[in-house]
Amino acid sequence: MASEQLRLRAGGAVARRQLVSRVSRYLFLGATVLGVSILGFLAYDTIDSGASRLSLDFLTNYPSRFAEKAGLRPAMYGTLWLMLITVFSSIPIAIGTAIWIEEFAPRNRLLTIVKINLANLAGVPSIIYGILGLTIFVRFYGMDRSLLAGGFTLALMIIPMTVIASQEAIRQVPPSLRDGALALGATRWQAVRHNVLPNAIPGIMTGTILAISRAVGETAALIMIGGAAFIHFDPGPNLADFADPGGFWAGLNESFTVIPIQIYAWTLDSRREFQANASAGIIVLMTGVMALNLLAALIRERFRRN
Amino acid sequence: DDSGKGGEIDIDGSSTVYPITAAVAEDFHAVAGDVRVNVAFSGTGGGLEVFCAGETHLSNASRPIEQDELDACAENGINDVLEIQVGLDALTVMVHPDNDFADCLTIEQLHEIFRTGGAANWSAVDASFPDQPIALYYPGTDSGTFDYFVEAIIKDVDEAANHRGDGTASEDDNVLAVGIGGDGDSIGYFGFAYFQDAGQSLKAVSVDGGEGCVAPSFDSALDGSYPLSRPLFIYTRESSLAEHPENPMLRFLEFYLDNATALVAEVGYVSLPADTLQEQQARIEPYLP
Amino acid sequence: MTPDATAAESVQRADPIRQPPEDTVFRLQDVGIWYGNKHAISDISLNIPVNRVTALIGPSGCGKSSLLRCLNRMNDLIPSARVEGTVEYHGADIYARSVDPVEVRRRIGMVFQKPNPFPKSIQDNVVFGAKVNGIEGSSGEIVERALKQAALWDEVKNDLKKSGLELSGGQQQRLCIARALAVQPDVILMDEPCSALDPIATLKIEDLIRELVKEYTIIIVTHNMQQAARVSDYTAFLLAQEHGLNGTLIEYGPTNEVFTQPREQRTEDYITGRFG
Amino acid sequence: MTRSVFEKKLAEVQEDMLVMAGMVQEAIQQGVEALKTRNVEQARRVIANDVEINDKRYETEEKCIELISLQAPLASDLRAIIAVLHITVDLERMGDHAEGIARIVLMLADEAPLKPYIDLPRMAEIASEMMEGALEAYKNRDTALARRIIDRDDEVDELYEQLYRELLIFMIEERGTIQRATYLIWVAHNLERIADRVTNICERVVYLVEGKIHDLNVSKY
Amino acid sequence: MTVADPGNMNEALKKRQFGKPRESVILFVLTLCAAVSLVTTLLIVGVLVRESATFFEEVSFRDFFLETEWQPLFEPVSFGIWELVAGTLMVTFWALLLAVPIGLATAVYLSEYAHPNTRKVLKPILEALAGVPTVVYAYFALTFVTQDLLRPTFGADQVNVFNALSASIMLAVMILPTIASISEDAMANVPRDLREAAYGLGATRLEVAIRVVFPAALSGIIAAILLAIARVVGETMIVAIAAGSTPQLTVNPFEGVQTMTGFMLQVGLGDAARGTVDYQALFAVGMMLFLITLAFNVAAYFFVRRYREEYE
Amino acid sequence: MTRSVFEKKLAEVQEDMLVMAGMVQEAIQQGVEALKTRNVEQARRVIANDVEINDKRYETEEKCIELISLQAPLASDLRAIIAVLHITVDLERMGDHAEGIARIVLMLADEAPLKPYIDLPRMAEIASEMMEGALEAYKNRDTALARRIIDRDDEVDELYEQLYRELLIFMIEERGTIQRATYLIWVAHNLERIADRVTNICERVVYLVEGKIHDLNVSKY
Amino acid sequence: MTPDATAAESVQRADPIRQPPEDTVFRLQDVGIWYGNKHAISDISLNIPVNRVTALIGPSGCGKSSLLRCLNRMNDLIPSARVEGTVEYHGADIYARSVDPVEVRRRIGMVFQKPNPFPKSIQDNVVFGAKVNGIEGSSGEIVERALKQAALWDEVKNDLKKSGLELSGGQQQRLCIARALAVQPDVILMDEPCSALDPIATLKIEDLIRELVKEYTIIIVTHNMQQAARVSDYTAFLLAQEHGLNGTLIEYGPTNEVFTQPREQRTEDYITGRFG
């Protein structure tokens, strides 16, 4: 049937719809490219102004009033330790909270309140967390303006985000795994511990890493609680302290600075040449953030494949 | 851990004073590596608050401590606040570089421009000026610079007057520079240090304090002929100097004042005149060994 | 008795592929399907008759779904999929260059294993395909006609605004059928349409299929041999000879013959459960 | 299990069975008619028609098997089909008996009638009535009727005994009748067997309804 | 197993002595974890209430809510909160106006059009935008967006150096990945068979994306937008630096505005002496923001939940 | 379709059928034996045993129906069961015929033997052999054998004709033998029917293997 | 014939619930299940015999799964669920206060509709339950025994470290059965264990069930009547009389009787597909 042959050809309405569909592809692609190119532009701009300052010295020097001598060393230590503290203090609590919500909580109004509260906390401005950290950790618990106080403050700040991400991850573990374990005579916790958590971990990690990327760039809250800008030592326990709990603890109680504060300090500086330092700092920070994101993406893709 | 051998000095406060103190701390480290000096900058107010709470040893301030703050200190049993002036910040009034009429303004004209209900157009300031709206840029309203300007210009002319609020305020001098440089009708003021560096793109206005137009410069500020310069301070406690002779704070302050003249200028502020500096040194004299 | 005996034996040896004598909708000639370099099915030549239910049966992985999906170019959507041989629909090669797959799919509707109504109202579900395809007529009419054809009208006529997801499984599947009918197709492909349903809902769908076949050509993939037996006029048995090999057509013929006197031992083995 | 299809096919199969029953009834009636009227032509027709009955049986059986294969019926549905399967066998054999009568008609054609045929038509009549009733019972799933019909088999048996005795006396008394008498005994036997098969159908009806097979009539032969 | 002695079985099924306590300890610990966020909120509310109490001793609620001007640091002081609220709303509005369409278009592209490998590469790159420190965005807004983009386009005299739009644009960039990534997840989770159903009905790719996938993913998309709103409303640095610090009621995005967070940062990192009214205003604004976001979140929670129920 | 269960049950049913066939063979043999030896006791036993055969039939049929219900067999599996269903009916009727022979033994008990029973045992022997063969053909699904056995039915028919003619002559010649001769005709008839039924079984075997029902033997009676 | 007739009729009227004469594992007395204030099933009294396969059949929503899950207290996990009446397991009331549901579940294993192996190695899957329950013996032995019992050993013995998810659907389901067996249960509950499997895999599971019933008591919910017929010794037919009403036990008895001569018209209607 030749007529049938003809009719299967795209004609009239279908041809138009197909055309619209194909054109739309480029619109959507355009939007995507826009986002990516903004990032590219930001990167370009930053690298353009900061690349000249990037060197090993930049990474290993202490701050200085001479732009070319100033470095990120203590800030990098500070950021590293702060993030470790943040991760180790927020993740267990966040996961615990998520587990409680998804696995143990009685389905009542309290739970609704907890959930809404978490969503709300995720939107509380960081400066309020700063004030809270100052009031609670620095003052009330007398932690002083230490790594611990800073880490805990950031932990409070990212717990809500992490909980929400973890909840999502736990919810995506098929209920059949949990039921399977319970039906074998496992207790609720055994089921969670052996079957739910291991499968939620990738999701939890992705969420956590994204939350951490936020914490890494946080400035205002840390300035509020007295994160320093000039420091002439490496904050946090150093290698030798790992053997000695007392020293380790003392290390955690040291004052600190972090990369964003350092960047902020440089941008505030009246001297032009410090702008390049700021850009170089941003490059370092962004490289770290990118690496984290990459890690998250790798974990997620692996997860998706299964 | 190698901390605390020589002691630790926690400093917070003004972001204006921060570069000076940080520079001092940097050099101090070279001579006293066993003492840790940490400098933060949560602002004069924030710094004094934690200082009065006993959480820092020293506080940078770009304005004198207020009575409220002294009261707060007293509440925490801190009755021995010691004020030391470390330098001057000359305040620069600036306009857009294309502005060719406002070369010199009197205190009164500045007052007229920045007071509440003041001039809306340049022509209202001086008939010879064009009839264009004025756009204002000034530092964050609770910064020391702002306070100083209010004291030195607004209240000076009319105690009842207020600084107007319909301009753009920013904590960040960078931001102000961008603002003034980007706006043909602009006028604004901020710290001299910043102007020195970023100011090429802006035009500084001479100020007439009654003794003729004086352009802002190190020299005019140092010799006192430039009318708009404000003192910068550090605050500490007498007790932290008195405790024992070898204490780090004393060493630090001594070093600070010994090197102030060079370092203050180096980071872009105006050093104290010699006599003023001696007055400050005299304040710690009693504690020196 | 010898002539009789040979006659009987010759029945056994007769060609297990009996192309129906009726008018055909699809004429497959040496069709093969590849996924990347996996040869999923090969050498399928099959004529599918008009206004009949043709069932595709065979063990899991033998290529039933692949074959079904190649009939309306649904496997265009799988990037790695490739079809060889010719698939003629009313004499037109649907894999010809000039052919628009959207046009093909409009004529050849599809119903899937899991009822998959759109998360919209019943009405919008039915109207969706008709509207994108610019089928004429008021929505109300389209909806009513399609739902009536799908034997669902009476059950839902008062709740047309209700979400399609609020229906029971069997109703959802009939809604999906209604949705396909609203596009006024010629053929309906069904990939295990009842495997997610309970027996009662299954019966209803089977009844519906028998009803629909008066107007449409229906091709159904099913795992349920009883279902193929109950519902189809012709049955094609596919088999991937060994695990990992490509599927081929083993037997094809009228359903009653295939299920009562299969001509191939492998067919008999499969339908009587002697397999694997 | 698509009921509509299944029911249509089941009805078809049952209809086939009833049609077949009609053919058999016809054959019996025609056979006895031919005997009475010594109508060789009619007898030949009966014989010829038996092939059709046989064909019908196989056709029905094929349909039943297809139905079982394709529809996998259960419980009463399955019993209904199994009943058809068995009843058609019975009907086919009844057809054979009718054919047997017709063949005897051919054999008797050249000989004088032995005596007025009274009992034989009577037997045929009863058998026919029984068959009618059995089909009625089947259609209505009427076990009571089925049981009554089974009881009527005794009437046939009695007539048969009576006829047998009579014919025996004939034979003893008049040697020339022996051949014919034995033929007539055959006819009577065929009719008795037919009635007997009707009871089989009735047993099936009871089984169909009650799900239990009861051997309700014990044939003596 | 034969029939066990019932007595035995009763015994055998008894709760184990050592099995249970462990379980309750764990439950206790988990409950504690969950309590952390509640306690955090209580502390936040506590701090805000305590501090804003001193504020409201000086400033009446009436003034706070009824005055039209926000001028806590200038004489004559006035504390009409609405200018700040309006600033926040305006910045949020423009940020969403920009980010939502672009973000969703990106999500549609990634989930419906892009080759899986392209998606694998592009998605993490986009997500990196979420990790850029906001200070960076802030300066970018001030320098590039205002100076090189808005002013040349709309005229330097039209566009204030500090303007809501430049802040909104960078906020939009900041939340772009949040919207795009979470929406893409939601769309990717739309069962494949829904898509196939639509293709099977003769729909084109665009029709499938817009009319089937998008609506089906709507609850996830809304969740993404809600999260983005929360981030915009709570963001500090960008607005403080780029949007200016001129509280005013305006609808012109080229003018500078001050947002609630902008004010909080200005005071928080400024020189104001603690305990003064202008400093305590920080907490009053914080309280206000907290209440607004809370109201918003409660509404969103019930909205989304209702919505979800409808479509599951 | 669980093959192991299905196959076990199918085997069981077929076994039942073979057991039943054994019982029937025994009954035939014993019946003819009793006739030869005029052993009334033996005849009575045969009659009594028929009930068991009937029971066995119902038992087997029940099992078949259960098997069809529960296992929904298809194709050759279903045909195998349907075959059992039909064969058991045939066997049961063969049992009835054997019983019929035994009943005639009782009737003949008091009378003198008519003539040495040669043809009747011969018929019985052939029928028995046929049955043996039919079961063999069933077990091995051997259609060739089945077809050969169907052919042997002609032998039986021939013997029957012969015997019938002989007995007719007896009757004509000697009036006193009429009663006994007719009895013997019955016996022969029964045996003929038995052989005929064996052909039914063979037809089933062919059907089972080839899936087509062939009416391979056209009975004359 | 009258006595006979009444006898026959009395068969029809006989009690459709025939509790098995054998030893029982479960003795349910007036069991009802509520979800919030929805009464899912009511008044179920049922004895489940030892070492037999008991099938629960009935239309969707009649409460089969609910009933099954109440036997090992799996519905404790649904917050709104409530059980009334008594469920005795070997004479012990499993809903007594002192009873630990974890103990109950250890003895009464469960296999679900969709194969749900843990995403761990085959070995770890099998060992998991045994380990949490502190069953003695080396892992190797436990694994081998359970896999052999589940007729999976030969297929996987060389890949014990492979993920359970890499197995085919039918193998996965057998792995789940092995996993349940490793806990040394007494009873195994199966909720539509084959409904996600193809016919060949289904046959294997059914064979396995017949094998396992020699040592275990098995209760299986199935939608597939043929399956219930093939695999079970006793069949319970449940029905929610009308849509939305609570499910009750309509008929219970030996499977062959239920499927060939159901005593209740509703059972007959259901199994012959006359329903709905």
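Going by the order they are written in, the chains are A, B, C, D, E, F and G; count residues from 1 in each one.
Please note the rule applied: a residue touches a chain if its C-beta (ideal position, glycine included) is under 8 Å from a C-beta of that chain, and two chains touch if they have at least 3 such contacts.
As the structure is a prediction and not an experimental result, all values here were calculated from the model.
Enquirer: Report which of A-B and A-E is connected by more C-beta pairs in contact.
Expert: Output for the comparison: A-E.
Enquirer: How big is the gap, in whole Å, between where the Cα atoms of chain A centre and where those of chain C centre?
Expert: Spacing between the chain centres: roughly 50 Å.
Enquirer: Please work out the Cα centroid separation of chain D and chain G, and write it as a whole number of Å.
Expert: One centre to the other, that is 50 Å.
Enquirer: Tell me, which residues of chain C touch at least two other chains?
Expert: In chain C, 102-103, 106, 132-133, 199, 203, 225-226, 229, 259-260, 273 touch at least two other chains.
Enquirer: Where in chain D do residues touch at least two different other chains?
Expert: Answer for chain D, listing residues that touch two or more other chains: 1-3, 6, 65, 69, 72, 74-75, 78-79.
Enquirer: Two-or-more-chain contact residues of chain A, please, as numbers and ranges.
Expert: Counting only residues that touch two or more other chains, chain A contributes 14, 17-18, 187, 223-224, 267.
Enquirer: How do the chains pair up in terms of touching? List each pair.
Expert: A-B, A-C, A-E, A-G, B-E, C-D, C-E, C-F, C-G, D-F, D-G, E-G, F-G
Enquirer: Contact residues on chain C for chain A in the complex?
Expert: Chain C reaches chain A through residues 89-94, 96, 98-100, 102-104, 106-107, 132-134.
Enquirer: Note which residues of chain G are touching chain F in the complex, please.
Expert: For this pair, the touching residues of chain G are 199, 203, 206-207, 210, 226, 229-231, 255-256, 259-260.
Enquirer: Quick one: which bits of chain E touch chain G in the complex? Just the residue numbers, please.
Expert: Within the complex, chain E contacts chain G at residues 1-6, 9-10, 12-16, 19-20.
Enquirer: Taking the touch rule as given, give the residues of chain E at its contact with chain A in the complex, in rising order.
Expert: It is residues 19, 22-23, 26-27, 29-34, 36-38, 40-41, 43-44, 47-48, 101-103, 105-106, 108-110, 112-114, 120, 122-136, 139-140, 144, 173, 176-177, 180, 202, 204-207, 209, 226-227, 229-231, 233-237, 261, 264-265, 268-269, 286, 289-290, 293-294, 297-298, 300-301 of chain E that touch chain A.
Enquirer: Taking the touch rule as given, give the residues of chain C at its contact with chain E in the complex, in rising order.
Expert: Residue list for chain C touching chain E: 72, 74, 77, 79, 102-103, 105-106, 109-110, 112-114, 116, 118-120, 128-129, 132-133, 163, 165, 176, 179-180, 183, 189.
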